[in-house]
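Each structure below is given as structure tokens.
In the two complexes below, chain A is the common chain; its partner is chain B in one and chain C in the other.
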Partner chain A sequence: MAVIGRRTFLAGVPLGTTAALLRCSRVAAAAPNAPSSVVASSSPRQVLFIWLAGGASQFEMWDPKPGRSTGGPFRAIDTNLPGVRIGELMPKVSQRMDRLTVVRSLSTGISEHGQAADLLSTGRPKEPTVAYPELGVTLAKELSTGRGSLPDYVSIFRTSEGRRRADPGFLGAADMPVHLERSSRPENIERPSDLDAAQFSARAALRERFDRSFLADRTGRTTAEQYAAAQGRVAGMMDSVPLFDVDREPEREQARYGRSPFGRHCLLARRLLEAGVPVVKVARGFWDSHHDNFESHRELVTDYDRVFSALLDDLQERGLLERTLVMVLSEFGRTPKINKDVGRDHYAAAWSCAFAGAGMRRGMVYGKTDADGAEVVEGKMNAGDLAATIFSSVGIDPQKHYQYGVRPIPLAPETANVATALLS
Partner chain B sequence: MKRYETILRVCATTAIFVGSFNAEATAAEGLRDVIDREVEAAWQREKITPSPPADDAEFLRRVYLDLAGAVPDYDETVAFLADKDPAKRAKLIDRLLDDPRYAQHQADVWDLLLFTRSPPGYDTDKREHFQTWLRKQFAENVPYDQWAGAILRADGNTVDDGPPMFYVQYKSKPEDATEAITQIFLGVQLQCARCHDHPYEPWKQVDFYGMAAFVSRLDVVTVGKAGQMNKYAIGERPSGDILFTGPAKDQQPGMKGEPIGPKFLLGDAVKEPPLPKDFKEVKFTPNQPPPAPPFSRKNELVTWVTGDSNPYFARAAANRVWAQYLGRGIVHPIDNMSPSNKPTHPELLDVLARELAGHDYDLKWYIRELVNSRTYQRSSRGGSGAELPQWFESARTRPLSAEELAESWRTVTGYAAAEKLSGKKPETSRFRPLEGGYVLRFFGKPYNGVGDFQGGLHEHLYLNNGPLGTVISSAKGSLQDALLTGSESSDAKVDRLYLSLLNRPATESEREKIAAYVAGGKPDERWREAIWAIITSSEFRFNH
Partner chain C sequence: MAEATVMKPKTPEPKPTEPRWNLPASGTLYALAVDGATGCAYVGGSAGTIYACDLNAATPTLRPRMHDDAYVAALEVLRDGPQSGRLVAARYDGSLVWYDRHDGKRLRITTAHDGWIRDLCVVGDGRRLATVGHDMRVKVWEAADGKLVRSFVGHALETPQGYVSAIYAVAGSPDGRYVASADRVGEVRVWDITSGKEAARFRAAEFYTFDGEKRDRSIGGIRRLRFSPDGKRLALAGIGQITNVDGFVGPSRLEVWDWQTGKRAASLQDSHQAVLNDVLWSSDGRKLTAAGGGDGGGVLLVWDAAGKQPEQKLKFKGHAQRLARLDGGSLLLAAGFEGVQAWDERAWSMPASANATKMAS
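This part shows the complex of A and B:
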């Protein structure tokens, strides 16, 4: 299905919705003032997905409530956006707010880690009979140029806490990301030690000859041909080993991102984006602060502030910010109530996320919570709305369908509304 | 919606009528003959040129994989190809159907269908007792309606018995259980009707919940422990109803809803005896077997699903098992048997279903008929290039499962033979010497949601640079050892290579290619590389 530009839609041709109606009777739910097939007019071509696993606190980051019983000990500070204040643990980010888009009105309903992570990373609650692809997988599939030897999606999740693989779901293994878990280098990317380069290619050439003669007149050759063709990408992937080595960056660059694992991973992400990988995910764990929320956030947010600011500057200097959507998500936020262990628990009723780069309207704060941060009072978005808005911002029609068996499945739920005000 | 119900009923009646008129097996004719007659009549009608019959080698590898879940070893291959007995194919089929690997392979196929690679629900990944039970059903050739009924009846517990594990994955999710039961055992997809009336099919949302009502009172009860493993039983509460509130998109908080009672899919509602006046809802006590309810909806469902009055059960099974061997269902996709999805060979499907039920759901008999047919024994050469030929004019191509690959790699490289010869007790993993979790990650989910094969870059990286080399054993008894130390001619060695790895003799050009390759370097390294190149090739990767 063709992607529908906003102008086309305004001209009164909501193709996405019409096609959906023809296929499945449950469509037709999007509110008329927020059609769910809107897409942004100038679309990024790459996505950097930062995942704060465990649930980062909106109070200590994007939506501070100083002076309230829910506010905690930290102050709010001014930013370079008039009238917008964020948590004092992000002084560097505060001076870059004009490049950011912050959503303060997420209300996503589920506050258990696994289920909420499923919800936020697919835009839908988990259904046992349909495994939905993770957002990054769908984005990578849509943004893939289908060329070159680099993977379409690299997911960096080195910390053990809350580790999840970005699941291709019903899309299957062909859309599986390259996972960097045990090492910063993809698995099976280096030649076995008992083969030299000449042996390796002689062996591969022999295999290719076998394939050619087998495929000559065979039933199922289309499938087998695709299978054999994928072998041709192996050498290119193996050549990309140096790309995964951040030590090749000049000392100055390494210092800028710092030595923390999160810093190293963001630097790696920048290398991959610069090389043309369509989607990169960096996950940072240990946000689940049931105990000593303020101590742990003092450490985590400070690191985040430094790394994220360096990343934004670097992406901008290299011209990457113009073509990259940066999105910062968690499975949920944290409770207004400060518990007896000076922690904050899971909270999905009112929390925040942030964007930068292309696709979303820069320098914008969207939505509002009440004085205590307990409820959303303006611009409420659920996980489906968020997914639909993300797809729209990257120029993908959220109501585009993938076929799963007999069932056409739109990228975002049929009921999702795009927050059009957020789109650039 | 009414319109479709009528169409369905009319279709069913007509089909039975036509079937009994045209396609029925005569006394002298076996089911295999009806299959060939019907399939070949369709070729005439559709003006299709079939592929030639499969040669012995092609048949041998295919039937081993399909019946035993692994390829034959060198000795089995040589013996079969040399055998002059005109009945050798039928004899091999009989032998494989009685091989323990038949039961293992069938259990693998059904376990994957019942649980998928990543089943929902806690502890469903530890289901070796279920798997053992399932294997026993195939080893003893228990009739399909009986063991399918046992899974749905779920008597006993998950450790001492096995079957209750099926429901454990759907704990507190009767809707999901309903989708699975109807899809697996009835071959129909009701999932759309879960949220709304289906746009093209006869079933409405209330039909979905009428089916869900049969399992909505089920609960998972922990009844003990076996070592670290929990034992679960399935309890059924005597009361409780699904409250139906209409289409999912119209849901509002606080909606009350109408109770929906159990009703068979497009069939009758079940009349339940009223509960006694002084009735109190049962609470299941941990570590005690849950008491049976005064009236069991679940058991009503079992009787109906596996009984004669249900129009789906036999057809779904006949079509599913057909597709297992012929690649494609007569109705395709196999779990979408609906009035809007027409069979390619309607009369044949009627006969298959009737004969399977008439033979008391004897799956071994049915499979024997399928694989003895000329239709199954077509070559995969020629043909349209389609993976699953619609008119069964060529054999289908399917990727080997993760289990088939591991077992086949071990067999063909002689790793298994060397292991046996060493006298050491082998590791128990089915994926040895490869790491099981790793093999499953790369090869465990070969298809996407519409059945397209997904082998790609990850798989090739694993094959090129991963630990596959550990299977290419050089120990005494292995293929590599035989090639290096044997005194045969170079041609004879290449033949051994091909007969071992691909279960066929090498062609003239392959003999030359391999001989030149081996001569181009150190023989041990070159033989090893040649083995690698063949066991990672497409010819090995697929069953064709």
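This part shows the complex of A and C:
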């Protein structure tokens, strides 16, 4: 495990270099001699981030404990990985476990929704002085080719619970993803009805001319360039509206994903990945099952099983799984204790997440909890470790720095350990 | 029949009430059956253990009697004829198990449903049993030998929005001819055991919440239904429109339907935020006693079935899943979270002043 901290790095940097860094814009590219770290050997170029908002139960999904007082009523079922069992609500996923990596040893400490979502979304607890960018934002920035007219990051978050905008933090608005919240297609990007295509093109050309003129004799042009780039992307998205229309998919494909919104959103995600969007996030809310946990998970996991299995098959058939890291994550898991309302409450001490696709080793269960699922007994990972491992899996050095004012900020916390066993 | 509607009455907050007994058990108890002849109660739930309790004892206690790994969803005592002395358990592993309740021996096991059995009831004079399960089937069984009599299919496997559904409850008519079943989306079907056909169908839509715009969840459902003593009406228990999905927050709700005409006779909704998991008719068919729990805590409500606001609204610790009344008596039992609570119904049927006096003494 290779971890080189910021202080270690700074110790070797002459003062003059530090001063030069200070003169840079608030956010700069990675320090040229950023320390190397462990990265996956076959790095994916795209990421699909599935966010189960509210906190999905590890007991009902990835780490069942049948027969224990904490286990609940569902059984564990065999998978196509010998010796590995998962919750019975995922029969389809169970036959695709050889394409998955399950981490059963997350121990992230924070069990309040907002703070935990901040923690898992960035790999760090929220700080008053620095707004860290969401992982997806950083991944999109790193994985962006800088070419093409599509956005680098599309976040689909239609259900209202725990809805969070993927925050670019100190990276600034230029790295803001496209958020699909009220509709599954970008809003307000249609060409006005009283403007024909020729008129629209003429206006765009005029704006570009003004931009060029404005930028020609100016330094520190970042904002203006970003504005021009944003205009270009909006124009590109206007041309890409059909991409957001899943009804254009053959009926067979639509049926495969099912008619639930989560299914439709995952189908849209596949279309976006296929079109080359580097990072796509699909969020599905209302996993926060303080009451009627088993009814909730029977409903939600059944849908998840159908949709996620269809997604894995589809990505594989199209060759996308070879270049895409798929990660399934919540802000925390659920308590071992079943409460009076047959619910499970928030629990961050021992819970699970899952990965598929490129970058991570496949057909693997990492880490272990005790018999009741109350504590991690093997392979404990905190949020920083998880972030560092995700960055490594996509070939990004987690200790690469962004310069924020006077602070060089590594992508993952300096203390984070990469779980190298997970990397492909 | 004209419908009497009481929506969101401004009833006072529930009064805390101390049970006559509080019998602790681990986990959540979903099943409760009493044998009026012997004064014995049987309960079971998440621990898989079935406990027996002699209600005539000076200090009743729950004693483990039988154990299997799967959750116990429901229990029934077979009282008459050669089956007398047997206890039938419906479990989440889909099995229907006959036990000798005296020595705890397992006498018969039948795989009754593919998936959890959610409810079990005795039909009519006790010669038959009915079950409902996650396979969305309603099945009728001979109590004596476990032979399948009928298997009714009709409840949709999925909600209208494509999510998995569930039949939560089954009830047998007093004359033994009909069984009624109720599901997550509020659909009730009444089945004629004799003809093997559906006798009635209606939808109590207020028990089902779906908000595709924000929440995208199919939740709620009728959690219990019971025929009135004359067999003409059905009482439905559950929760009204849910405003907070995570906390399952919504108003306590009962409805009474004349099932033969398909008309709702009463809507009984209380502002207390809890799901009602069970309901009992009084022997004269005039009152309903319901209990449950949730965001507002455990609650027990006594209503006039004609549709007046709750006559009693009592709060207790925990969350009740199943109610039973000792035949001919006034002892009301509620099984639920971490045990059984028992109340003497006479305590709250007295005038308020007398009640206060009794409580003080």
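Criterion: the second predicted complex is superposed on the first by the 361 of 424 C-alpha atoms of A that agree within 3 Å, B and C clash if a C-alpha of one lies under 4 Å from a C-alpha of the other, contacts with A are read in each partner's own complex, and residues count from 1 in each chain.
Heads up, the rule we're going with is that a contact is a pair of C-beta atoms (placed from the backbone, for glycine too) under 8 Å apart; a residue touches a chain by one contact, two chains touch by 3 or more.
Keep in mind the model is a prediction, meaning the values are calculated, not measured.
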item	value
Contacts of A:338 with chain B and chain C, given as first, second, both or neither	second
Touched partner set for A:69, first chain B, second chain C, both or neither	second
Contact breadth on chain A, by residue count: chain C or chain B	B
Partner chain(s) touched by A:374 [first = chain B, second = chain C, both, neither]	neither
First, second, both or neither for A:202, with chain B first and chain C second	first
Partner chain(s) touched by A:194 [first = chain B, second = chain C, both, neither]	first
Which of chain B and chain C A:174 touches, first, second, both or neither	first
Touching partner for A:262 - first (chain B), second (chain C), both, neither	second
Which of chain B and chain C A:233 touches, first, second, both or neither	first
Residue ranges of chain B in contact with chain A within the complex	51, 118, 120, 169-170, 173, 176, 179-180, 189, 191-192, 195-199, 247-249, 333, 335-336, 341, 380-389, 394-398, 442, 445-450, 452-462, 464-466, 469, 509-510, 513, 517, 520-521, 525, 529-530, 532-534, 536-539, 541-542, 544
Contact set on chain A toward chain B in their complex	24-26, 29, 127-131, 151, 168-176, 178, 186-192, 194, 199-200, 202-204, 206-207, 209-211, 213-215, 217-224, 226-228, 230-231, 233-234, 237-238, 402-407, 414-415
List of chain A residues in touch with chain C within their complex	54, 67, 69, 72-73, 75, 158-161, 258-262, 284-286, 288-292, 295-296, 298-300, 302-303, 338, 340-343
Touching residues (chain side chain C, partner chain A) in the complex	26-28, 46-47, 69-71, 92-93, 116, 161-164, 166, 212, 214-219, 245-248, 275, 293-295, 298, 318-319, 336-338
